């Protein structure tokens, strides 16, 4: 064995060296992962929660905020990513809302957005988490002026060009349609869930 | 913590597996390769950047060893790599004498008469296609100064100055690519150490030369007479220097009635036109 | 060991991007804000230095047949570590660099230096090489970022200064968006290398003139 | 022989046709002017000013670059004027004046002169310049002003009423609400040089008659678009859909003046037809499936990139070698190989 | 796997998100091996081959080793190990058994190990959650996109031999700018969608 | 019916008013210089020495080589020198210089051949050879050899009356002034070639010549007079065959490969004169024209007459010429020394002033493709040029540079004013030089290995 090991191109030597290197490396990696994984998870959760809370009225209890529980979405709409039920547990008046994460495709790819909906299936807030729309055109979709058009509405939205009530962003009808489609999908998802129970 | 153990186990085994595969392949698929090719490959940076124009370092190494590709193509490696490769390939320029190209013509614009106005492509070979196949200068041996050689030189060592080609002896590596393309055969190879040159290529007799050129060799043999070292001889109406004998004393330079013979040290700095002649 | 020479090589005469033309993917892809550039540059610097050290240490042990595989594993290990750390502590950087952090593994600079330098030199020299080459890379990234960010968005120091928004030098609507798209990367790097080639040649000519005098 | 008479010697031929680069470019400028007249009529004098700014900038950059690089000046060949005109032609009339200046800089300095000037560039300078500014400032260029009434030629403002261009409606899959005749004559919104197919066709006819361009590229281009849009209409009126597609947008401008740009189109007859068909396919493809309303400019740019390849593989048939010759040669080779 | 799904992945990989011109993956070999049309073609074909293999193997490793054991964070390490070994194995195999193919393709293989596009395709497959077939399609068509880009680029570079650019731009600068201009033309495909 | 070859140009033909002027026999000069190579092929050995007295039409040079043609004295008088002299091509060639005694004493050999002799094809070929007749269309290929080498393969004789180049009217005037002789010559050539069909192809800008020849041509002569649409380079052999028969001569092949032989109409005229007048090829019709001349004229000029003498007789230059061309403006050779003599292929002498040539400082290709449009050989001149300028041999070969017939149509049409045809000449020289060098190298290594 030792004899074979001395020859740099012998089979055992090759195998053992590569094994040793990968093993040590993965050990190190495993350890680092062990340390960082919780931090990473927490961060992601916080980010999502922040985005979701953004589309809801301020939580009554500012300290704990809402608690979110993910509901199982059974519909077939591919735009809908996740549906959450948001509950303001500690408040005296119990409030519960839906937050739907949708990702319609816009001009430059998917638009990730969150739509807040109350029990009457009225939109209470729309926020864009991330998008890659053209800055100056499509990116104006994140402006409150545009998004607030949806707040308070329900049913089915459409862009004015298609005979609806939403004024499209100038020069960015594609983006406007996408956002509208996202809101519509969110509303539909909630109504399906509501029907189910 | 189990995750860490999994990690070590899985990846370690994966590593071992591939080590095994590769070891197996290395043994089963072994192909004889020129030892030098491996060495050259070692020497190359291994960046596989493709800057050499070959598909990666190994391909370039193979090309050097098998196809005699130039050894100076690796951009990433720099001069050290070139030196190392030349060491491996045994093409160390074994302290042989260095040669450079030299244009045997001083027929600058205004000094050599022209037969006609040439109107065409600035290329010596093209010019030779017109008006009888000798170009537009009266002297049939002269440099045409249209720079075909300049384009052939990879080292920016030859330039047209006042209508004749002039070699920059510092930059020239003596590859003679210029001479190969020159349709006039006026470029010769001289030792880098040579100081005295006769920049004329005309084999015509004196009176004929006088008619068309202000500096051309008229075969008067004065240089032959003044040379104390028997280093310059007129054959076929043209003076030739024997560089084995020439000691660069400069006597011939002084005495040449045509002011033709050139002392490179004083008369012409590399890349500058001849001052002695004008 | 010639620290000064290595420094000069890393930054200028053997600059990995401008002269060796390595690692161009990330150079062009992520140089849209100063933050990206600095983050990427420093990550590469750290990884490169670590890898150089480890590979210099192991250079006598690794058989040539599995050289590439072994190097790659070492590199990938460090890259993943850095990746995890960035994800944990600088999540913004992680999301804006995206897939380009794991891709540092195949960044030609790292493997290139491992092969060209670390596998042949002492640990100390390799460490220095890693630092200086990494520095050379970072500097180029930063320059690219500053140019592209300024022309593209009219800002300076995006992702870092002014609460991440960067200092607005002229209104964003006048920024040439294309400069932060792929085309801008190619153009900026092309012009930068052209500039360096021009400057190097000029310096060389000057030197030669002085010698001649 | 008289003393001192030095004759010139050159290779045959010793005579040259009168047509030179400058006269060709001048003809193109003439052919482009009807479209400018219509643009002024439709969009007001601002169209003229915009064109002038663009032309001046192009010529200036051409001159400045050559000066800076110590190369002989080339503005005399007038090609920069065409580039300038075409840059303006493919921008909306309400574009801010600094936009064409930047487009001209990009077109002339980076796309054209950096490669050595006329004939050496591989992308159409004007289109590349347009692509640069459109991608850089999309918000400023997304809208085109509506055509004016007869009385408002002296309109210089950039705040004219904007309206959806016919192309935008087509992109959305519906027929625009303007008449075919208006589209043909140019009383529609759009980039300033593209609105009047009539004026462009007049210019194209002039170019063909003067033998500046041959019809292969424009005809194969327009035919391809016509056939495709006729076969695959959105809606059920094939003919109308086809006509709107031909007349709306920059198809005529592109097919007649831009796809035919010498430097960036193939020179072989077969290659020119392939190029035209390629442009047509891509135009329809982008119009139907792409996010750009208008496919012409990118279709031409993409085909520009392929020109060298096309030329390389469409060598004309060798004189004296017929297709049968080739086939039999191949066969005999195979036989020999066996 | 529906036909339109495959079509849309392919179209995306070849045109809309071209690895080179849009995603900036694999620039080094793209710049390095594009001086001549035939070597460029060889490189492109080799990339298609390796990207397909890498997509396949990495998908398997991910699906059956990493995910079940919760080792997703090891992706990079595992993938690159797979790719590097695979490429080297294939290279040795070809050299021994199919020398003709080796001279045509094999010489490009080492260059591909350090090619961002190959690791990139594996990582993107995982990121996009593609299944096995989708992964392979993405790998192959991503390679086709690379081939398309590098062949066009090589033809443009061939033409540039006859251009006349300032000396400072000689070599890579002008090549980079040309690549940029091609990318500009390819912007025409951005946002392409076949419904 | 006629076919069309690809491309072609139509430069302003400028044939007027020379086409209206009668051919004037030019008085021979006091001294003629006759180079011993007036044709393609082996040069002749001088058969006279200094001091000899020679008669008009006396053979003064001949060669045994098959591809050659004898040379005759074009004046009577005394040989004053046999030495290398400058020729129109610019080279120095051994020439016989004869001092004209002004008598034009004819040589005894100058007798008409008998009808009987003229019925034997071989005898016709022999007399054509003896008369030193070579292609008068400019190529100066020995006509007798062309006939013999094509025997059996050729079924159609094509007579080239295209005269497609601007300015030149020498063939045209010959057709107008000697229609019967030309037709007679054609019949002799047909007989010599052993064919029964000849097509006399004439461009339609010579309508009256066509009409005249048609009226003189008998029904059953086997000669078809075929009017062609005017287009340059219709007169080029391959293109002419294509327009007349629709066949294409394969690359590197001879006209005989498609069963054709092409003769210039002045060649036919010369054959007639040699047969029926016994007059060898000692003179030819030359058009003298150009912007430096006052009146364009046609002269019957003796071979060996110095150009300066011709110009002088034609009224001298009204302006300093910038360029003097022997031949037409599209194919002709520019000469730099006016002491060179008229040779057998000289169909025109043109003296141009500065403004004619339209050269520019910086020729730049704009890729307009106009060269491609006009190239009669289906070539891509702009690419040939690009590769030639780069010395890229593979590129030149791919683009078939060696197929170029140097017609100049591309360069004529090029708006960028590139020296296209010149470049192709240089390219052919480079390719030939390289091939020669390679052959030498191969032979050297072969020699080395066999040793």
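For clarity, chains are labelled A, B, C, D, E and F in written order, and residue numbers in each chain start from 1.
Note that contacts are C-beta pairs under 8 Å (C-beta built on N, C-alpha and C of every residue); 3 or more make two chains touch, one makes a residue touch a chain.
Quick caveat: nothing in here was measured; it's all calculated off a predicted structure.
Centroid analysis (C-alpha atoms only) places A farthest from subunit F. For the pairs B-C and E-F, the larger set of C-beta contacts lies at B-C. Measuring from the averaged C-alpha position of subunit A to that of subunit D gives a distance of 45 Å.
Centres computed as Cα averages put subunit B at a distance of 41 Å from subunit E.
Chain centres here are Cα means. That of subunit A falls 30 Å from that of subunit E.
Counting partner chains per residue, subunit F has residues 334-337, 357, 359, 419, 422, 425 touching two or more of them.
Multi-chain contact residues of subunit D (touching two or more other chains) are listed as 6-11, 110, 117, 132, 135, 137-139, 291. Shown for subunit C are the residues that touch two or more other chains, namely 21-22, 65-66, 69, 73, 76-77, 80, 84, 108, 111-112, 173, 177-178, 181, 183, 187.
If the chains shown are joined wherever they touch, the resulting network has some other arrangement, not a path, ring, star or complete graph.
A list of each chain pair in contact follows: A-B, A-C, A-D, A-E, B-C, B-D, B-E, B-F, C-D, C-E, D-E, D-F, E-F.
Contact residues on subunit C toward subunit E in their complex (touch as defined above): 21-26, 28-29, 68-69, 72-73, 75-77, 79-80, 83-84, 99, 102-103, 105-108, 111-112, 178, 181-187, 189-191, 193-195, 197-198, 201.
Here subunit A touches subunit E in the complex through residues 22, 25-26, 29, 33, 37, 105, 107-108, 174, going by the rule given at the top.
Within the complex formed with subunit E, the residues of subunit F that make contact are 386, 390.
Residues of subunit E that touch subunit D in their complex: 151-152, 155-156, 158-160, 162-166, 169, 174, 177-178, 181-182, 184-195.
Of all residues in subunit A, those touching subunit C in their complex are 8-9, 13-14, 17-18, 21-22, 25-26, 28-29, 32-33, 35-37, 39-40, 43-44, 47, 134-136.
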